[in-house]
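Once you've had a glance at the structure underneath, I'll fire off some questions.
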Amino acid sequence: MRAVAATAALIAIGAAGLSAAPAGAAVRHVWVAAVPVSWNIVPNGRDAIMGVRHDPSETVFGTVVYRRYSRGWKHPMRNLPPGSGDDDGMPGPLIRARVGDRIRVHFKNLDTRFDRSHSMHFHGVRYKPSSDGAYVPGFSGDDGDVKPGKTWTYRLTALPSSAGVWPYHDHSPSMHESIDGGMWGMLSIRGRHEPLPDREFVVVFAPMGRFQSIDGRAFVGNTPVFTAFPGQLVQWDVMAMGSEHHTFHVHGHRWREHGVPADTKTVGPAESFRIRWRERDPGTWLYHCHVETHMEQGMIGIYQVKRR
Amino acid sequence: MRAVAATAALIAIGAAGLSAAPAGAAVRHVWVAAVPVSWNIVPNGRDAIMGVRHDPSETVFGTVVYRRYSRGWKHPMRNLPPGSGDDDGMPGPLIRARVGDRIRVHFKNLDTRFDRSHSMHFHGVRYKPSSDGAYVPGFSGDDGDVKPGKTWTYRLTALPSSAGVWPYHDHSPSMHESIDGGMWGMLSIRGRHEPLPDREFVVVFAPMGRFQSIDGRAFVGNTPVFTAFPGQLVQWDVMAMGSEHHTFHVHGHRWREHGVPADTKTVGPAESFRIRWRERDPGTWLYHCHVETHMEQGMIGIYQVKRR
Amino acid sequence: MRAVAATAALIAIGAAGLSAAPAGAAVRHVWVAAVPVSWNIVPNGRDAIMGVRHDPSETVFGTVVYRRYSRGWKHPMRNLPPGSGDDDGMPGPLIRARVGDRIRVHFKNLDTRFDRSHSMHFHGVRYKPSSDGAYVPGFSGDDGDVKPGKTWTYRLTALPSSAGVWPYHDHSPSMHESIDGGMWGMLSIRGRHEPLPDREFVVVFAPMGRFQSIDGRAFVGNTPVFTAFPGQLVQWDVMAMGSEHHTFHVHGHRWREHGVPADTKTVGPAESFRIRWRERDPGTWLYHCHVETHMEQGMIGIYQVKRR
């Protein structure tokens, strides 16, 4: 992640009711733009499991996505750390921070395709109404309605209650078209002294046209291939966008939900959770939504654990 | 709430296997009737966010709701404590009790509009089969089939396993039409020594005709405007009725699920949960179901935290 | 359950990274076949609650189910322990084990009706890729594609993270038709020193044709009648298959979710959970999915607690 991590002064943010920022807390600057792209949901043109071909006429469309930029929106940059998925615009930048950090997301609307307003609305973090990013006529401001060519800076704080992974997404007047078109990404907030995982996989379940996508792609061979080695600390960041509930499942692995073992978990629109394990099961595994019609429509991918 | 709170004698309710009621436990009497009303899902006639108008011909219908009454069904009374939402029949009476209390719900069917049987079925509390309120031919009794003009008293006990918030709803032969028409409400059972919150908001997600409603209303400006002041203990009582799953979200706030931070939570039909926080974030916030199509169809409202 | 329970030698299963099996751990052999049957979703031909009749022409179909067999697939045997539901093929064998056990499921495909490949994919337990049972062209082997007349042995280990109840189901190229047709069952893994319950009820929510079924049956009078006596330790094993989310509810009873009382719980496709209580409430109760349209389409049954 491109972030200017300056040590924050130990001042109380009094008016907001916050106590002093913890020692070592950072102010992280992230530069993001809404950019038009041409997107192919099924780049290889086929559903390998069912043996069905899909023509580009059914799978290619123009849309707008979030793209990470260098300071001042000078150069586009990677959205994801290496190994976290395909770095092509869905999901948007993985925004990492630690509890106690402040985050400044500098957003620019470069939507020249549809010439629509856009915004960023963040879950899980603390902010004032002017950083809410949601549009409601009569009470919200420019934060929820960033016109083409304009910018807005969202000022966020990662509290102890922000630990975990969270969605962000467009909440402007165009939110429904934009979310259906892929304007979403994730925040990943770890505890003050919690280590980064060795692998962090971002999994966004979202319907896309008549397909069911993971990170904007459908069917094995198009969805991200996540990889890890035995011994690595692996983290899955899972969320859903759209209008449907899903069940996240990984073959051959289990985790604990408040102490109770699980290998399948419901995730509804804008819900999110993270799962961590120390990998020890070599093999080529499936991960997928276990809703049958969603699997059939492409919500399935491969997780490879290779011996070193 | 109108309740006759007499100190219960310390007698064991032996046959039911209950041990002695705790000191200070009350017997709470609640009087409820099923009453016909004319209901408007979109009283102001518009969806402010999308800028669409809705004619009364699409939004007004006749239905039956639960209404609180004074002892002996003499006078109609408020269903909700002040500040808990619009007091107009959806939801039905907020029935509050404490663990250890016994509750007597005296129900009268005043449905002169459809001339249908009705009933009350309560979640979360203990009762004998004669207070179940569910209709199944061949084994259930009059509790599940209260004819127009008739009455039934439901005898409930709040056990330690009853702490929390719970649905009640019609479970008579007309239950499907009645639930679609708004015959539901909530029980709120707090621990023996747990304080009442300063604000208690009742949020019922339910489809209503071609709209998605909160407490029987659709769109900002029609759904309840909940209000609080910084420093107040705020409680959200959330449930769903109908045939769909939802995700409850409040902007700018978080809570903990068994210790894990969350700001969005799945709630399916008849599921229910309560969320509490000490308010400290002034602003005008949105609360809504995060299922996109549900937001579009009206399942969204405003939560105002005003500086004193 | 028919299982050869030999005490396992205390050897480390080194290559798989497992430490030594605990003292008293067993190797459990289970023999299962996929067999064709004629199935009636509504054997008594009626929906007792709505008073509607259903003709066999709407409710009878040919399908394939899992059936337990004696060693060497010699004789068909009971799928379920007495009192756990109707022993007719849906669900498949209840496979019980304890943490630390190894399980060998010997599967034979006897599908002479459709002449399709089948397989078994298990949730919750540990296995190598060759026991995954899932078909993906190009990387999976015969375990996920057992041709008619062929056999496969799935080698599973119940780890501490396997405690609980879990689905198994067909994951072969025919999985979608097979799961819709009832090729599923449950694993029930209890802790090393955890007692068997007195009653164990297997509840599988699955759409079936235009009905919503419990264990392949629709409507009170067709769905399983579960029975218990006061004082018994009762366990409900609940899961869903298909493409829809459900909410499991039992009348007149409550349980705890990580300490929080509940009586209704969402279960999505391939999610599963177990609920235990010491029974003390005599009566004839309903258990059902609380999604309204699912109740109307048959997803409801009776639980009888009889005084001795």
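For reference, chains read A, B and C in written order, and residue numbers begin at 1 within each chain.
Definition applied: contacts are C-beta pairs under 8 Å (C-beta built on N, C-alpha and C of every residue); 3 or more make two chains touch, one makes a residue touch a chain.
All of these numbers come straight from a predicted model, not from anything done at the bench.
With chains as nodes and touching pairs as edges, the resulting graph is complete, every pair of chains being joined. The rotation relating chain A to chain B, fitted on Cα atoms, amounts to 120°, rounded to the nearest 5. Separating the centre of chain A from that of chain C, both taken as means of CA atoms, is a distance of 35 Å. Along chain C, residues 245, 258, 266 each make contact with two or more other chains.
Interface residues of chain A, counted against chain C in their complex, comprise 48-49, 51, 220, 230, 245-247, 249, 251-252, 254-256, 258-266, 280-281, 283-286, 290-294, 296, 302. The touching residues of chain A, when paired with chain B in their complex, are 17, 121, 123-124, 126-129, 132, 134-140, 159-164, 166-167, 173, 176, 179-180, 241-245, 258, 266, 268-273.
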